[in-house]
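What follows is chain A paired twice: with chain B in the first complex and chain C in the second.
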Partner chain A sequence: MSSKIRRSDEPVYWGLFGAGGMVVGMALPALLILMLLQGLGVNCFHYFSLISHWWGALAIFVIIAGCLWHGLHRIYHSLHDLLIKPTPLHHYVLYWGALVLTVLAGVFVFGYYLIINGFLNLSLQQ
Partner chain B sequence: MDNNVKSYRKPYNRPVKRTWWADWSFYVAYMLREGTAFLAVFVALELLVITALPFCAIKGADAAVTAVLSNPIAFILNLIALVAAVFHAFTWYNLMPKAMRMFFTKKPDDTRLIPDKFYVFGLWGATAAATLVIILVLTLV
Partner chain C sequence: MAEKTMKISVLRYRPETDTEPHFQDFDVPFHHETSLLEALNYIKDFLAPDLSFRWSCRMAVCGSCGMMINGVPGLACQTFLRDYDETKTLKVEPLANFPIERDLVVDISDMIEKIERIKPYIIPSEKDAHKPLTESYIQTPQQMELYRQFAMCINCGCCYAACPQYKINPEFIGPAALTLAYRYNVDTRDAGAKERLAHMSAEEGVWSCTFVGACSKVCPKGVDPASAIQLGKKQSAIDYVIKMFKPE
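On to the complex of A and B.
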């Protein structure tokens, strides 16, 4: 057992949880309204037009990452309420999951932006 | 808390039912609030799948997005997610003045705090503005 006191990494996760909570409250209602309308046949959710702009890609990346870090942090801390004793394995799975999915979101969102604007010489199924 | 002193103590752990929260409306609201996290993760995964569509061998990404969003299961989950997001916002904004307490002035003898309703109205106002901007941008872009 090491006698050195390690700094907790919790503030980082809490900060991401807080930022994500703001994203969920501010951006998700509008986004979900448009997604529901699109599902009903109203052509209003111009997702790929949005992420073909750098600011749109950035916004969508922030929204996806915010939802992930907010949701998975809250799920981790709610395990206790579901009578599941949180173990380091739960922590690894949820937070590595959040990181991997965030990277994946970044690859897809910015990949789409780069390819559609010709910065990457690849073709997409349009 | 590592402790290598041998203990003969046998603490009594009161049995807790899995539905411990169901008898109090306060804890039901608490569990619903925590439950909104699952919907937030669902929306993130849904957006991730949508973004991945043009990378897959699917002809016509825009049509595929409409197909995903008009799927009945996805539609119902989106509807629940919308309610969850608004409920989350309601709880989140009410908790904000407790998380960050701000004074009216910087004068040392003035300890008046900014009232809770300023935060709540301000945050709902910002949400209304953000909603308007997102709807306009995504419709017109």
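On to the complex of A and C.
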């Protein structure tokens, strides 16, 4: 019997969920407070200038991606509490959703980084 | 101390006469030291001789008298009537998530099969397989501390009755069995982790657990199955990465 047991691929999602949880728990509140202060006119930092550094862009991307993988994994495993029986369809929609949104976040964050550093010129006037 | 009386409502089911389980109330006199197990024995001795329930040791060692007490799984021998409001009825039911065999007796064969499946015993390494019985396995207190609390399990089934994941998915290997799997995996005398990890890494293994933690809350022996399963997830995830680069 033991030779025929199918291995679960959950470690992948669980790993991303765990890593995302660390990010959500630690970096996101700090970022939100800084953004709130910025919104209130306290000029302590400018998040667009953060993206102009490659490490800042990477940090913002990791925070967004971490939130996505953490949150959508949690939603998947909470479906039962919402009286929805999870099916493979839910699995596909939520995890492909996380992947697509992660790619989009990457495109926006790194695209912005490339544009403001002049590596990429999207100007329509030639 | 003057004797008081408590109304105990017991879920009865006698397959030869009852079509479905139903509650029967009993007035049981009790004093400060009366356990629920003694109260059930009082019912059996004086009120309903045909009441069936499992019990043996009376001291939370054998794990036979697990039952739902006011909806919470626990051992009858470890539960004292003094801790409950005597003006209210105490509701006693068989362990949830298991089929009822008769009255408070449930069929725990599913849990037993799962405990057997994960091989809850020391599997010696190749080198130790032919070790003479006169030789000992040396283990430091720190090495023992890795598994000691998880070895306290008495297989009472309370964690299975509490587990919402086992309730919705009976294929789930469940808290006690996964705890024992982890307990033997981290035992320095054992070399059987590979065989157990195959079961732990399956969909119905550690990955069916969503860390609700009800098992750890109700365990009458203070074992923390939820923590053992999380540590088991770590073992399984590390094994997953190793197998990615080094497939068998």
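Please note the rule applied: the second predicted complex is superposed on the first by the 113 of 126 C-alpha atoms of A that agree within 3 Å, B and C clash if a C-alpha of one lies under 4 Å from a C-alpha of the other, contacts with A are read in each partner's own complex, and residues count from 1 in each chain.
Here is the rule we use: a contact is a pair of C-beta atoms (placed from the backbone, for glycine too) under 8 Å apart; a residue touches a chain by one contact, two chains touch by 3 or more.
What you see is a predicted model; the values in this text were computed from it and never measured.
Trainee: Let me test your reading of the model: by the given contact rule, A:Gly15 touches which partner, first (chain B), second (chain C), both or neither?
Mentor: In the superposed model, A:Gly15 contacts chain C only, not chain B.
Trainee: Regarding the shared-chain residue A:Leu50, is it in contact with chain B (first), chain C (second), both, or neither?
Mentor: Only chain B; A:Leu50 stays clear of chain C.
Trainee: If we overlay the two complexes on their shared chain A, which of chain B and chain C does A:Arg7 touch? Say first, second, both or neither.
Mentor: second
Trainee: May I ask you to decide whether A:His80 touches chain B, chain C, both, or neither, giving the answer as first, second, both or neither?
Mentor: second
Trainee: Spot which of chain B and chain C makes contact with more residues of chain A, would you?
Mentor: If we count touched residues of chain A for both partners, the winner is B.
Trainee: Once chain A of both complexes is superposed, is A:Pro29 in touch with chain B (first), chain C (second), both, or neither?
Mentor: After superposition on chain A, A:Pro29 lies in contact with chain B alone.
Trainee: Between chain B (first) and chain C (second), which, if any, makes contact with A:Val109: first, second, both or neither?
Mentor: In the superposition, A:Val109 contacts chain B only.
Trainee: Considering each complex separately, which residues of chain A are in contact with chain B in the first and with chain C in the second?
Mentor: Shared contact residues on chain A (touching chain B in one complex, chain C in the other): none at all.
Trainee: Within their complex, state which residues of chain A touch chain B.
Mentor: 1, 18, 20-22, 24-36, 38-41, 44-51, 53, 56, 60, 63-65, 67-68, 70-75, 78, 81-83, 101, 104-105, 108-109, 111-112, 124-126
Trainee: Would you pull the chain A residues touching chain C in the complex into a rising list?
Mentor: My answer: residues 2, 5-8, 10-12, 14-15, 77, 80.
Trainee: Which part of chain C faces chain A closely enough to touch in the complex?
Mentor: Within the complex, chain C touches chain A at residues 164, 168, 195, 198-199, 201-203, 205, 207, 210, 233, 236-237, 240-241, 243.
Trainee: Given the complex with chain A, which residues does chain B contribute to the contact?
Mentor: Chain B residues touching chain A: 2, 16, 18, 20-21, 30-31, 34, 36-41, 43-45, 47-48, 50-52, 54-62, 65-66, 69-71, 74-75, 78-79, 81-82, 85-86, 88-89, 92-93, 99, 123, 126-127, 130-135, 137-139, 141.
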